[in-house]
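Input: one structure, supplied below.
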Amino acid sequence: MHDISHAHAAHHAPTSFIGKYVFSLDHKVIGKQYYGLAFIAVLFGMFLSWLMRLHLGWTNLPIPGLHLLSANGAPGNVMTPEYYLQLMTMHGTIMVFFVLTTAPFAAFGNYFLPIQVGAEDMPFPRFNMMSFWITFAGFIVLVASFFTGDGPTLGGWTQYAPLSAVGTVGGPGEGLGVVLWAASIALFCIGQLLGSLNFITTTLDMRTRGMSLWRLPLSVWAWFITSIMGLTAFAVLMPACILLILDHLAGTSFFVPSNLVINDQLQPHAGGSTLLWQHLFWFFGHPEVYIAIVPGFGIVSHVLIPNMRRPLLSHRVMIYSMVALAILSYMVYGHHMFVSGMNPVSSIAFSFPTLIITIPATIIVLIWLGSLYGSRLRINSASLFALGFISMFISGGVSGFFLAQPSLDIMLHATYFVVGHFHMVMAVAAMFGIFAGTYFWFPKMFGRMMNDTLGKVHFWLTFVGTYAIFMPFHYLGLAGNIRRYQAFAPDYMQPFIPVHKAITVAALLTGAAQLIFVYNLIHSRFWGKPAPLNPWEATSLEWSTPSSPPPFDNFGGKLPVVYHDPYQYGIEGSSGDYVMQTSPEQIHTKSDEA
Amino acid sequence: MATTVQPPTVKEIEKRSVPETGSGNGGWRPQGGDQRLLQEYAPPPASTGIWVGLAAISMTFAALTSALIVRKGGAVDWQHFTLPSILYLNTVVLLASSVTLELGRRRIAAYMGGLRTTVQHPARWLYITFSLGLLFVAGQYIAWRQLSAQGLYLATNPSSSFFYVFTAGHALHVLGGLGGLGRAVRKLNHLDLRRSTLDATARYWHFMGALWVYLLVLLWMKL
Amino acid sequence: MIKRHYTVFAAILTAVVLVGMGSLSLNKKVNAAAEGSITGTVKLSGTPPHMRGIDMSKDPYCTKAHANDQPKMETVVVGKDQGLENVVLYISQGLSAADAAQKPSTTPVFDQKGCMYTPHVMAVDAGQEFKVITSDQTAHNIHPEPNPMTGNIPWNRSQPPGAPPIVQSWKAEEIAIPVKCNIHPWMHGWHVVVKGPYATTDESGSYTIHNVSPGSYTVTAWQEDLGTQTAKVTVAAGAPAKADFTFKAK
Amino acid sequence: MAKLFAITIIIIAILSAVPIVRHTWWTAEDISSHGAPIDEQMSETMAEAGVLFLASQILLGVFVWKFSKPRVGQPIKNFPGGAMSLVIAAFLLVGTEVLALGAFGAKAWANIYFKPPSADAMPVQVQAGQFAFYFRYPGPDGKFGPTHPDMISEGSQNFFGLDTSHDPDSKDDIVTAEMAIPVNREIHLLMHSKDVGHAFFVPELRVHQDFVPGLDLSMHFKATKVGKYEIVCTQLCGLGHYNMKAYLYVMSQQDYDDWLKKEAALQ
């Protein structure tokens, strides 16, 4: 697992189609492959959420063709309860794993991390290629569960045991469905472990001459921190999934206690611990949230800075904050389990780090705001989405104050408040990060500009739409609207149904607005106007490659030498208002690295 | 019939002559970043990479360990059993293989470093290590057979479940290491073995030994 | 050229098929004429056990459906002059392979009505299709749990209001398969899968097994709570044979 | 465009705050003896989080408005005090705030979870299963009979697996599908899950606890207001999760005794 001779022996550009586009060892192609996977996954996941929203608004509405996704889940094209839960589970799993983790981390990271550190490739391209294809296999296995047995699992993306471990008697999809789910996630973990291995090693060892750690762009720092989190988190989830599979296939009892009676049948298992799964899962699960969002911090900073024409108030404080977030993210996972039967003392023990984690988060936001002050902001699709990210992160962040407190969790646990919280702070914010990155880096990735007007339209519809969808979630949650309900049976939830109808409409419109992005992406890919080498007048290394997209070895045979900190904008006495990292020009930097 | 490893290449010498400008700013990278040289200077990623990889593996087994402890705490039906004695023999074998590998590595490394002029049968120690590794896996297999003969299968009891999970997980990783060893031997015979590859292989292999000792103590205490 | 061959071939084929079917239906008629039946009543001796009332308050719809009657368990349902309802009678011995193989053309219906199963016990021939329908305005799930040894596959599927019938069949003989609705845990019924002709007693406890070809048989009466009883009968062509059963109350 | 952004974000921020301020949707009325600190904590947190939310959103809008006009050659200004002032601000403002919240929240929590039930608390057992709650009252003898999982049969309404023919304690146990409790009487709720994970949530009662299969937990609370409330399951338990609920009646002692008699007759 540690032989790199092939890596560099393979550094003569491949000629065959397979070698070039399918099993490519080139980090740029792999990055694009990850982006493509995330692209397909996000469209699919969004489609699933449409179906769910329709069902929540109009429960007995027949939807033509509904049966195609579930063998027997839609009699007369009306969604059954299990079908809804299956869609919900798949939506969550696909979005968290195959979109929010792959796109900002694996896709952009693969493409730009080696370029931004000034390397011609990752040290272990074989692993990099395997990393993608294993992840891809995981996706296929997951989607395959739609077409097997009685459909995918309905246990939610958290797959709480014992429901996930007792087999078909627990409900449709709880047999083969869960096994496929766990197998898919285990594959995903392996894929991401290989990816993280590459990211860490590249950042530590492949930096070009003069590229000290402090001279790394914030995006690289974000990916580096994320990959360290990934290394620890995924290495824990994988064995958990394997134990879950064993409970199904080998009849072991890791997660199933004795004396369970389901459907009047005494279950054969004995002595398992149901909280064990929750501990293993959330030890991964909470860092996973930061794995999804931290690359967003990096991308947004990296996108915002050239558009503000100034460096952040402090490069290092930003980095320290991200590191603090990463470390704290391992001490807070218990806040998912306040009322789940964990010792109430540990609830309090977990609540304090959870509250404290808001401090580095606040610092990050304040650094952004403070840097906006006195900047020379350029408004374009990329910067708009970056600003949107900040707004989303604030909105989602403040609701964290509530969920960090066990006493308030009594009121809010498992309500739509939680759903609103994580959709804003993690899902939508990360999506905004992805959009910002796409509009910003597209010219480098494909050598063409994206249509800025369409981009702005896309932003406005998405931005307003998102608030229209997820703000009401918080209100409903406060009023006690429980999540993961396919219909609102309790009497006190009847008044919520009109609100859900409205949300559904907003969701459909916002979803439709994404088609503008899809069109923009595809159209610009082929017919967009050719991009200059450095359209944003940015300083980091990806903008000093000899061509867009960069040549196979990124820098055309000569590795760059780095002379400056990554973000030298608005320097007095310098020739322009920005100084590339590679330009040997002498400047008196006023940045805090001095 | 003595094979000899390639003599130190020009670039090896160059490498030692490049001034180290300290880590952190990619000091090992060549002046002006000529990519032809780069290939020769790639070793550090390999050694960093192996440490990162080992960190991940440790994390996995740490998770399983905590699972074992939690699970045992909550179990009303924990059934203790004595480990098959052959495990201790296997331990000796695995540790011995580490020693032999180290012997081989030292000699080859010394030669590559130019401290020695020739090495007789450089691959011999690696072959011995390889076969000891195979012996270990076979020994583990016998241990499983003995347990199932006692009627202790994977699903029989939490304790047996964990025993199989741990040992099988470790055995898989050892097999991976054997793959790496085989690769190293092949490269050695094709005279294109890189020092870093050899070292990384060795580190991984020693780690497998250490991990096994840890697991043995854990299982011995808990089962 | 080839085309003409086809038409000729097709013509001959249809002719053969028609003749075949004709002859089949012909000898079927012959059988029917000769077929007898088994009839009788099933009674309960002793005081009928107390059937506990069902509290459906969990689902307001169900409570409304039973606004003016107290739903009770249906483990032992006794009708007028001690007649036992929901007893399944089938031929456990003496059935010729041909008769055992015959499938009734009817499709039994298993209805979910007022959050109860009607019928509470549904007899069905192995391989015979049956319909699960819902007359309720609340979603049910149908969760039969057959014995894995028999080869019948358990399933679990919910049926929202107004959903079309679920058509299913049990491939292997099994007495009896419990059926539950997990959304309404009190909902409990039975599928009794038999081979050959069968009958289920009505509220007066009487039954008639039709289409029994002449011969001597063992008839088994199965009651979910009181177990089984058997009786030997001889069926003559035309004349219905008689077999009465009496279960003792526990 | 920048102005538009500023205006939009400020409008969104204010609009979002309106329903909160006007309590258009708000937590259900509290009927528990322990809920007051929770509600206090809720409004505290809402106030502080709300201020942070509005302040930072509006600040974001204002800065975008103010600094988006490209002014050629004009040097960038630094935020007064630079990064350090912001870091200190974050630590002082948010730090103290979260610590305060944490401390008070911990008190509210301890007040519920660290107090043992009083000796005269009335025991009620609740069993969760796919997909309904069933309740057991010990009956006159005040003792719960032992349960036998192998005897559980919902078909014959033996939801708890009681063996009334052999266990004397089980004979007078009263099993019900709805929960009734006397008002102003402390209840000691013994929670047991029959199959998978479930949860017991009564918004008005400020009681929320998961059922952990294989681990029996207990809660204790006192309802202070007569009325009809709903118990809902909040832990995904399968296809019927959305319809797993039961009614909770808080009654005067008199009504409660009558109700118990009625239920006993139904056994």
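Per-chain numbering from 1; labels A, B, C and D assigned in written order.
In this text, a contact is a pair of C-beta atoms (placed from the backbone, for glycine too) under 8 Å apart; a residue touches a chain by one contact, two chains touch by 3 or more.
Just so it is clear, the structure is predicted and the values come from calculations on it, not from any experiment.
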Winner on C-beta contact pairs when A-C is weighed against A-B: A-B
Whole-Å separation of chain centres (CA-atom averages), chain A against chain C: 54
Cα-centroid distance, chain A relative to chain B, in whole angstrom: 33
Averaged-CA centre spacing for the pair chain D and chain A, given as whole angstrom: 29
Chain centre separation in whole Å, for chain D relative to chain C (CA means): 47
Of all residues in chain D, the ones touching two or more other chains: 129-130, 154-155, 214-215, 238-240, 243, 245
Numbers and ranges of chain A residues touching at least 2 other chains: 80-82, 171-172, 257-258, 263-264, 272-273, 275, 487, 489, 491
Per-residue multi-chain contacts in chain C, two or more chains: 59, 139, 141, 156, 158, 178, 180, 182
Overall pattern in which the protein chains touch one another (line/ring/star/complete/other): other
Residue ranges of chain A touching chain C (in the complex, touch as defined): 59-60, 72, 75-76, 78-82, 150, 168-169, 171-172, 263-265, 487, 489, 491
In the complex with chain D, residue positions of chain C that touch it: 52-59, 73, 75, 138-139, 141, 156, 158, 178, 180, 182-186, 188
Chain A partner contacts - residues on chain D that touch it in the complex: 1-2, 5, 8-9, 12, 16, 19-20, 24-28, 37-38, 41-42, 45-46, 48-50, 52-53, 56-57, 59-60, 63-64, 67-68, 70-71, 74-79, 82-84, 86-87, 89-91, 93-95, 98-99, 101-102, 105-106, 108-110, 112-114, 129-130, 149-150, 152-155, 161, 194-197, 199, 201, 203, 206-215, 217, 230, 232-243, 245
Residue ranges of chain B in contact with chain A within the complex: 24-35, 38-39, 42, 44-50, 52-53, 55-57, 59-60, 62-64, 66-67, 70-71, 73-78, 154-155, 158, 161, 165, 169, 176, 180, 183, 187, 192, 194, 196-197, 200-201, 204
Complex contacts: residues of chain A adjacent to chain D: 80-82, 85, 154-156, 160-163, 166, 170-172, 174, 257-264, 266-267, 272-275, 308-310, 312-314, 317, 339-341, 344, 347-348, 351-352, 355-356, 358-359, 362-363, 365-367, 369-379, 384, 387, 390-391, 394-395, 398-399, 401-402, 404-411, 413-415, 456, 460, 463-464, 467, 471, 475-476, 478-480, 482-492, 569-570, 572, 592
